[in-house]
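Let me give you the structure first, and then I'll get to my questions.
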Amino acid sequence: MSSLEWSASDTARLEAIRDDLAQVSTATAFHQLYERGWRNTYMQGLRPLQELGLGKRQVGRARTVRYLMRRGPDIPPPDAATREAARQRRRVSPEIVLIESLEPDDIFCVDALGVTTAGVIGDILTARIQARGALAAVIHGVVRDTPFVRSLGLPVYCAGAHPSASGRDLVPVDRDTPVNMAGAQVLPGDILLADDEGVIAMPLDLAEYVAAHGPAKEHLELWIRARIEAGGSVHDYYPPTPEKVEEYRRETGRTLHP
Amino acid sequence: MSSLEWSASDTARLEAIRDDLAQVSTATAFHQLYERGWRNTYMQGLRPLQELGLGKRQVGRARTVRYLMRRGPDIPPPDAATREAARQRRRVSPEIVLIESLEPDDIFCVDALGVTTAGVIGDILTARIQARGALAAVIHGVVRDTPFVRSLGLPVYCAGAHPSASGRDLVPVDRDTPVNMAGAQVLPGDILLADDEGVIAMPLDLAEYVAAHGPAKEHLELWIRARIEAGGSVHDYYPPTPEKVEEYRRETGRTLHP
Amino acid sequence: MSSLEWSASDTARLEAIRDDLAQVSTATAFHQLYERGWRNTYMQGLRPLQELGLGKRQVGRARTVRYLMRRGPDIPPPDAATREAARQRRRVSPEIVLIESLEPDDIFCVDALGVTTAGVIGDILTARIQARGALAAVIHGVVRDTPFVRSLGLPVYCAGAHPSASGRDLVPVDRDTPVNMAGAQVLPGDILLADDEGVIAMPLDLAEYVAAHGPAKEHLELWIRARIEAGGSVHDYYPPTPEKVEEYRRETGRTLHP
Amino acid sequence: MSSLEWSASDTARLEAIRDDLAQVSTATAFHQLYERGWRNTYMQGLRPLQELGLGKRQVGRARTVRYLMRRGPDIPPPDAATREAARQRRRVSPEIVLIESLEPDDIFCVDALGVTTAGVIGDILTARIQARGALAAVIHGVVRDTPFVRSLGLPVYCAGAHPSASGRDLVPVDRDTPVNMAGAQVLPGDILLADDEGVIAMPLDLAEYVAAHGPAKEHLELWIRARIEAGGSVHDYYPPTPEKVEEYRRETGRTLHP
Amino acid sequence: MSSLEWSASDTARLEAIRDDLAQVSTATAFHQLYERGWRNTYMQGLRPLQELGLGKRQVGRARTVRYLMRRGPDIPPPDAATREAARQRRRVSPEIVLIESLEPDDIFCVDALGVTTAGVIGDILTARIQARGALAAVIHGVVRDTPFVRSLGLPVYCAGAHPSASGRDLVPVDRDTPVNMAGAQVLPGDILLADDEGVIAMPLDLAEYVAAHGPAKEHLELWIRARIEAGGSVHDYYPPTPEKVEEYRRETGRTLHP
Amino acid sequence: MSSLEWSASDTARLEAIRDDLAQVSTATAFHQLYERGWRNTYMQGLRPLQELGLGKRQVGRARTVRYLMRRGPDIPPPDAATREAARQRRRVSPEIVLIESLEPDDIFCVDALGVTTAGVIGDILTARIQARGALAAVIHGVVRDTPFVRSLGLPVYCAGAHPSASGRDLVPVDRDTPVNMAGAQVLPGDILLADDEGVIAMPLDLAEYVAAHGPAKEHLELWIRARIEAGGSVHDYYPPTPEKVEEYRRETGRTLHP
């Protein structure tokens, strides 16, 4: 069961905006989406295991996996035959199929119900996600083996750490379906934007909107901040009065986005 | 996207066990499932808006709807054309399609992420669920119009009340798919057992197991409780010593389930 | 420090709408406010200590008190002089001044930060609130002496019970100022509407809007529910198709509110 | 490992104060303890499964059991020999030993860490607790079989319901030791006072203090409430001015407790 | 509505103690306040976005802003006239007025109800707070633009990050009024002491007390710690026996604070 | 009341496995325990104040202290005699006796009920714990003086910081007894394994099991990760197919642990 719809032209559209979108902070992008009525695009409380650095961002396509609470027994395979059967089932298990189908610039996205008592991925799966070319892993839940995971260099966003494997409490149920990521609705094929403040999700057309208008907003905010740091007051610069808008135009040749 | 698999023979199997299963408390049924390695069959914190009464139970088939956080704007239709378009979209909206496809003895089951800030159903949808012949509504989330909903007589289990309609924070995304019901994994077509302690979910074959062995367990526990109330000690009766097992056999003609 | 602004004409306006507003459920009122962009009018989790009954509602004017965490010592007066000084301070303490200034049809409204470890009012203050003619007490926090408080008959909404007096953890800081009531912003002089689903707050002009349009909405919903109970489908009646709108008009002589 | 110290003279002391203490509400008792510097005597959030009724109270001696999280496997006995071994171990298990040693007027008191995912007692153990003459059961955790437990008539205070037996998540570790009851420290042999507001714990000597001074406080408060209900103001009566103290003395022949 | 009372002599008093107070850790200061009966002076869970470093502290005057939940619509200005009106309203909005009235050595203090779904300040307001000479910003809520905010160098204490601007969920209601800062009561003009453990608040006279006695306490604790690190036992040194008090006096010429 | 049972041979057994156990990550150790049916060995949410570094681990013996909520007054000694009496009581207070009885390679383990409003240890007690030769301190609760504590170099795991001393809300009740450490059951004499993911607890015999089998598991996982990083797929390597098991054997001379 998969609902990922993505065409070659979508790839082209994403590539066309990647650099512009990466100039936009999640704060600015969130606000531009919010102004258009989009309230719930941010994944609350999913923090980077390791910070990217100021101004560094990831832009990628969401590939999703959904877990539910495990209900039946979780029995370690007692013999070789059972082990082999488990290995065969794992070949078609949603999270493995998804990982093995990751394409460069995908972002691996897991709704694990926010459960904090079982790690969804550890160092080996993270290494494979990275080797497939994915840009990041985002887990609505926790991660195991965090010291090693951090050492791999792949950006990982999650709600904390637990040494258990996922099977203690969770089972994967489907992939490339709509999921809840810590309060954000995420559809397969959504565009994700991640920086040290966290991760936001939006459909491709809104990502194009943000890529088109966000950099100008960032440019303006930078100019405002410089003025404020130089002693300008909020009354004059934030938002800018018509005089200051004119000053901005004069100095930078830019006008305000409408 | 629906994954409900259910045949006429499943209906026959359910009817065959309905009365036996209804003799089993959720506590006993939970325990029998737990002894077979099933940990997460109970929906934690979903309480009846109105109690059924001691020994009263509902047994039905799970029909599921899944909500996610709404992200885009929720704009009331400004004119007749827009209203009509909204009405048409609603015809194919998962929760409406599901309600209009409910069959007698179904239990309406909504995963609303446990969100407490928007009521998933109110009096009118509840009335329709009831009119379709459903046995109960179970909401992993909250309900609006609770004073009226309670007056309708349909058993409703939920996590509380909020006067808002669902659109404030939620949107339906699919139906008859696996869902998380307050910590229990529920698949479409699962058998639900509900009493005043709450609701548990299990697949049909395990429901048959519980229906086959649960009533004997209830009978034994009743006998034990009578002995305890008459002054018997836990050491002798709970669990019963071999002597007391023999006493039980002598008095009731029953042996212990293995 | 008080910001209650209320004129005789406001009293007249409130009296003019009281009966109409009392015909509107908090669910319907919430939704009408929400459709006009008002999201946070409901006090989440403040439940009635004792239910009013189906269709019973309270409509009153908000009179507010604000508590903060007590920081200094809470020493019982060791002698008569200290006791007298404490009694004099209490005469001007915000919560006492507010209670002694309550007018008939006021609703006593306390922001106690949602603290659950100290009861804000007990049986005696509740009795005085009732004797002053207030319609209800709403506590964003908990209440002590709940068995007795319940026996008084005044509707009390709160987040639970604690046997402690407020001084264990709280001190009153001001009255008739804007407060946070469990997620709802409440200004002194707001109109409160309470039923068994809880309490919502709105300014007088919006209360007039709800009083003007809410009863028609309730009437329509009642008619829809009757149709649904008689076997009508959601597709036809909720929202009603143009045909059903016409049927409603024919039967009741009413048209839909715009 | 038990630290219950209790002598025949303690029994006599408890009997001597039982009736007086039962005249004192938990709210008044809490406050009298608080005034002497005792902050944490109330078990927060432990509510009666069934209310006692206005003015009804239980006074008893705390007998405690302590649970921790189960860590090892919880395997149902596969054969008769294992079952017998399990039954023998259960004979010396702390919670069973404690139950079988309960004496009339004891209150069964379990620290189950507030865990809500496994019921500590069900109908049979509750029946035995009742048959031993205990006055109530108080569970810092949840209870299973709640519909049946409620039907037994023994007052049970707890944090909710779960159909699981305790073994799913908990194991008993000792009895008659100090425990944490929902924020109250409880020592074996403490005196518990319970009404519909909840349960408070205190050592015997403080129970004597409350029994000595509480009834007078309740009498005064009743008189004050009557005055308030008759229209008296908080300024005059709560606390009473010297004039009102005199009025109280004149009417009732009583003076204020110091 | 402002209740800041502050005179030139208060400024002098603050300057007189600033250096001494900065020698006292929040842990020692908290304890000295606690010993005088002050329980709630610490802002729980408000952590520095960036650490100050061992022994580094900020001492300043609290300037407060209070937010409540936004209830009405938050509509982006659709045209120039509306934008200008919004800009004019913003000139008198409490948080802006407060920021523009900050004086050197003030600490900007916002009660945003602990809401984690909307950032109260971002990089530009933080830059202005810093440019006004304020020493720190403390937010009972969250901050947006955290990567940039951290890069500015102003110490910021908060409960986390969210990319949204405050308007999504919050509105400012007043300034220089008493506020709840994560469990601490803070009055305008209180003295705040902040280090890497967090922030505590106290009135000026108690700040003088702590400045007078805290440094001696820190000196003693340092001496004790050195003794402990050299192998001394807790029995001898913590608290010090009379012999060790004498040893301290002999070595350092200091006596214990009473 | 102490239940620590520990013999010289236990010391020898611990020393024999220390180095091997330190090669095993908490993630691997957790999983090996889990496969044997041990679910609750991890202390959830207790994080290192300062990280140990990748691959660094601590292995020690658990020495436990248990706190409950303080209920009686916490009065600073008003005069020298009272101070001396307090000092004498402190000599036999469980947490002090435990600290003064710590032996090299012990790990100081405090169950403070997870309370976040009072720090259990500060810099001086931490210094003493370190001077006694303990390897780490683990607090199910919070720590005060965290900036100084961190500077000492002893690994400390806890749930956060609070400047208060423990007496504000807590009292020690016993030592070397079973405790709840953030969801893990810990018995005195258990073996603790700590790294930057957190702390797990197990009895000595299971520690021997993990020490015997864990290093091989780590070796295999390292080999798998290298293969994955080199482009191997999950299907082939995780878990390894029989071919890959053979490849592992050929390259490393090792076989899989059964």
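Lettered A, B, C, D, E and F in written order, each chain numbered from 1.
Following the convention adopted for this analysis, a residue touches a chain if its C-beta (ideal position, glycine included) is under 8 Å from a C-beta of that chain, and two chains touch if they have at least 3 such contacts.
All values derive from a computational prediction rather than experimental measurement.
Counting only chains that touch, the fewest steps needed to get from chain C to chain E is 1. Common neighbours of chain A and chain E (chains touching each): F. Of all residue numbers used at the contact between chain C and chain D, under half are used by both chains, marking a mostly different-residue interface. Remark: chain C and chain F have CA centroids separated by 50 Å (rounded to whole angstrom). Inter-chain spacing, taken between the CA centroids of chain B and chain C, is 33 Å.
The distance from the centre of chain A to the centre of chain C, each centre being the mean of the chain's C-alpha atoms, comes to 41 Å. Looking at chain A, one finds that residues 39 touch two or more other chains. Contact annotation for chain pairs lists A-B, A-E, A-F, B-C, B-D, C-D, C-E, D-F, E-F, with touch applied as defined.
For chain B in complex with chain C, the residues that touch the partner chain are 76, 83-84, 86-87, 90-91, 96, 99-100, 116-117, 119, 122-125, 127-128, 130-131, 144-148, 150-151, 160-165, 168. On the side of chain E, the complex with chain C involves touching residues 1, 3, 36-41, 68-75, 113, 169, 171, 173-174, 177-180, 183-185. Across the interface of their complex, chain F is touched by residues 25-27, 29-31, 34-35, 39, 42, 44-45, 54-55, 195-198, 200, 221, 224-225, 228-231, 233-235, 237-239, 241-242 of chain E.
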